[in-house]
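In the two complexes below, subunit A is the common chain; its partner is subunit B in one and subunit C in the other.
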Partner chain A sequence: MKLLEILQNIDRRIIYLILALSIILPLLFPIGFPVDITQNTQDVYDLVDKLPAGSVVLLSYDWDAASAPELLPQAEALTRHILDKKLKLVAIALWNQGATFADRVHNTVAPEVGAVYGEDYVNLGYRPGQAVVLNSLARDIHATFPEDVARTKTASIPMMKDIRSIEDIDLVISLSAGDPGLRTYIEQIGAQYPVTITGGVTAVSVPGMLPYLQSGDLVGLLAGMSGAAEYENLIDRPGLGLGGMDAQSISHLVIIAFILIGNIAYLAGGRKKK
Partner chain B sequence: METVGIWIGALCTLAIFSFLLRENPFFRTAEHLFIGLAAGLGIFYGYQTIVSNAWTPLFNPDPGEARKWFLIVPLVLGVLLYTRFLKKGKWISRIPLGFLVGVGSALAIRGVIGASFMSQIVATMELPLWHTMAKFKIDAILFILGVIGTLIYFFFSREQKGPLKVGASIGKWVMMLAFGAAFGNTVMARMSLLVGRIYFLLGEWLHIL
Partner chain C sequence: MRREVPIVVTFVSGILFLLDYFIKIPYVSENVVGQFLDWAIIVAAFALILGAANIFRIHIYKIVKGKKEWWNSLILLVAMLVMAVVPIIWTQQNAVYTFLFKNIFENLNGTMFALLAFYIASAAYRAFRVRTKEAAVLLVSAVVVMLGATPIGAKIWSGFPEYSGWLQTIFTTAGMRGIMIGASLGAIVTALRTIFGIDRSYFGGQ
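Up next, the complex of A and B:
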């Protein structure tokens, strides 16, 4: 049948165009699909929300530009929540582009919530070394990160005077696009020190992190852009996460449609040949 | 300055997307630019880390702070890595390399055994199987069946027939479902990246969002 042949030989550029439109149109004309809060996102929110003012949160930027659309909204939502709650935020990075993204998030969020650098939050930057960095950090943060991103001595930063080792950290959050990242924190910090670890990952990493949730080594998890959207919903501050959910949902429907069309055409064509 | 950055980002994004039509010089240029920048950034951070974590505490300590002489050891080991470019002294580079492999493996194994191995086994053993069964929740039963089935699938000491074949078959189906879920998440992740780029083009660049 001619239609089956056409369906099986759709020009890939047409597929790209339809996919692009399925993202562009919902961005231009938002539909407003409801975003339900999953238990894993609620757990992350509760961990941050229940910390008393002045508690210290370590937020690790373990990703690069390739994962920014998923993890940047998570970082913004978490930072907004942390600083809004008057918690102390220590940002570090296990990936070299992470420190730049931390700066970007701080520059956006800090003025909105009136947070002051060095008193409410700090960006200690990136250190290479993966698991070695975490082991060293757990014992002595000042020796591992002697300077912040602006090359100010860590020891001279007011809020860092009493934050010297992992024992001074109340919650560890790793936003991770792979290794080193959340798994490294669980293995190197969580397995050895009594500190709660939570985090956010790209959607592709979610299946790999689920066993750690089940075992209790990880408490709560933000999953990709949808995790960011849910968190934005919880703190009632819409951002890129919520803004992109319509586009993501429609694009998924388009992909499902293409998979169904392709398979139906293949099966129908195969039967005919037999 | 920010506008220049946005324009560079937008043009590079379009150049990379142009690969969808066919390979072209714009795509190649953007690709090389990205690789060069990433390498440059890596070198910069590596250099900065050596200066702040080793060189300064050793040779230029803050007033009142003692020199950390032991840091000469990692510095020398680091330099020795470059002896691999010497024809006769190539073997020396194996000393720091051995140190790196030893420390890296030890740390990895220590962490993996605790969190990724023992903790997972204990958590599976502790699943409240009978309790959840009584409540008609089948999650735990499916979980246990999946774990046992998958383990049987990779049990090669005996021919897989009879009960072993049934177990292996369950394991195969569980793994297929897991691969499907993983692939679904991969698609979702890739779509998120595309949404992010289009959001950037329409919002920050063209200001129509």
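Up next, the complex of A and C:
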């Protein structure tokens, strides 16, 4: 009976240690579990892939450093696909750290695909105001974002000369860790203007976006790190997403194992102990 | 006047935005509502400055008065000044800002969030006991959804992703839809109360 008591009251430091090992070891020694493509990820890929060259994609960085492990791989995979397809990429941010991540993604991806700043992609940075920014942007991008992150006048950036309002945007993608984010785009842009909206969110935010998927307000969705890994599979460029999936798989398994051990001991012990 | 002017401004701007959301009248939408939007962004920017100024006021007071652990306030203000001033003067693409963001801020922020995983693991182990039938249903659902969301789940049993999807698209979505409709109705009522001057809590306690 003592064993059952021990199994019901494992020291939290042991749990922390085993969980840490379950994350660190797969990162150091990858297992390479195969990642299947879900329909939601396929839908996002198809939207980008079917756009003709020269189409304009608005990619919004609506997240902070805390969500970077899930959303940075999504941003890299999407940016790689967009620039590789010779689409025009306009990056903005509704969260203040987003613009810095946009710079990092561009600095990583653009040299690989030979994209040129100002001609193929641009980073217009962050504006405070949340939903108001989107309403303003839909009417006049140049007035809402008069300068890019390098303080170059938006009007003087070659690719921005013909991109002035939401009518010039062919696809909106929001990578979002909360509000303002993908939901704000659906409510403020999707409800008022005929532009397709898709995006990616952290895994914990997925349930909140499912009603929008079912209603058709949102087309496709990248779900956390697994969404990034699936997208990397689709574009055949393994990256941070696929690299993290082993760690996520094993850590999920460890948490489930602890829950099951606690319950087995609880049931075997006659449900007396807490 | 202190009461009437804010109520009138709120009413006019609220009605304008509400109408513009559903009916786009080109001249009004571009010139009047567009102007209001510009003002709103400027006000939001000043709100950020006000927030920063308030943080400065509180922490300078702590430093000057030598309050307990005042050095934490000093570190906060120095870090805040460096991270704000450097990109303001030399843009966010400046090497100093990029270095500090990537090597200090991002790691600290990520670490704080990552700690949640450990707390959740420990809390789930302690609290997730099948004491009732409802708890048993919750436990089974959680295991299916967690395994269904990872590649290893499909390796263990091909049904995990399928049933995980079923649980989420049927039950979770139904629950979320109900919550969203309820929250939206609440938001509509609050908005109308604010627009028509019934709710004046934004006056700040007057």
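By definition in this document, the second predicted complex is superposed on the first by the 269 of 274 C-alpha atoms of A that agree within 3 Å, B and C clash if a C-alpha of one lies under 4 Å from a C-alpha of the other, contacts with A are read in each partner's own complex, and residues count from 1 in each chain.
Methods note: a residue touches a chain if its C-beta (ideal position, glycine included) is under 8 Å from a C-beta of that chain, and two chains touch if they have at least 3 such contacts.
What you see is a predicted model; the values in this text were computed from it and never measured.
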item	value
Partner chain(s) touched by A:6 [first = subunit B, second = subunit C, both, neither]	neither
Which of subunit B and subunit C A:24 touches, first, second, both or neither	first
Partner chain in contact with A:127 - subunit B first, subunit C second, else both or neither	both
First, second, both or neither for A:146, with subunit B first and subunit C second	first
First, second, both or neither for A:69, with subunit B first and subunit C second	both
Contacts of A:35 with subunit B and subunit C, given as first, second, both or neither	second
Subunit B versus subunit C as contact partner of A:116, first or second or both or neither	neither
Which superposed partner A:244 touches (first subunit B, second subunit C, both, neither)	first
Touching partner for A:258 - first (subunit B), second (subunit C), both, neither	second
Contact residues of subunit A, present in both the subunit B and the subunit C interface	12, 16, 19-20, 66-69, 97, 127-128, 132, 135, 143-144, 151, 191-192, 203, 206-207, 211, 214, 224, 226, 248, 251-252, 255
For the subunit A and subunit B complex, residues of the former touching the latter	12-13, 16, 19-20, 23-24, 27-28, 66-70, 72, 96-97, 126-128, 131-132, 135, 143-144, 146-147, 151, 153, 183-184, 186-188, 190-192, 202-207, 211-212, 214-217, 224-226, 240, 243-244, 247-248, 251-252, 255
Residue numbers on subunit A that touch subunit C, as the complex places them	10, 12, 15-16, 19-20, 33-36, 38, 64-69, 97, 99-100, 103-104, 125, 127-130, 132-133, 135-136, 139-140, 143-144, 149-151, 191-192, 203, 206-208, 210-211, 214, 223-224, 226, 245, 248-256, 258-263, 266-267, 271, 274
Subunit B residues touching subunit A - in the complex, by the definition given at the top	20-21, 41-42, 45-46, 49, 52-53, 56-57, 62, 103-104, 107-108, 110-112, 114-116, 119-120, 122-123, 143, 178, 181-182, 185-199, 202, 208-209
Subunit A-facing residues of subunit C, complex	17, 21, 24, 29-30, 33-34, 37-38, 40-41, 44-45, 47-48, 91-93, 98, 101-102, 105-106, 109-110, 112-113, 117-118, 120-122, 124-126, 128-131, 139, 142-143, 146-147, 149-155, 161, 165, 168-169, 172-173, 175-177, 180
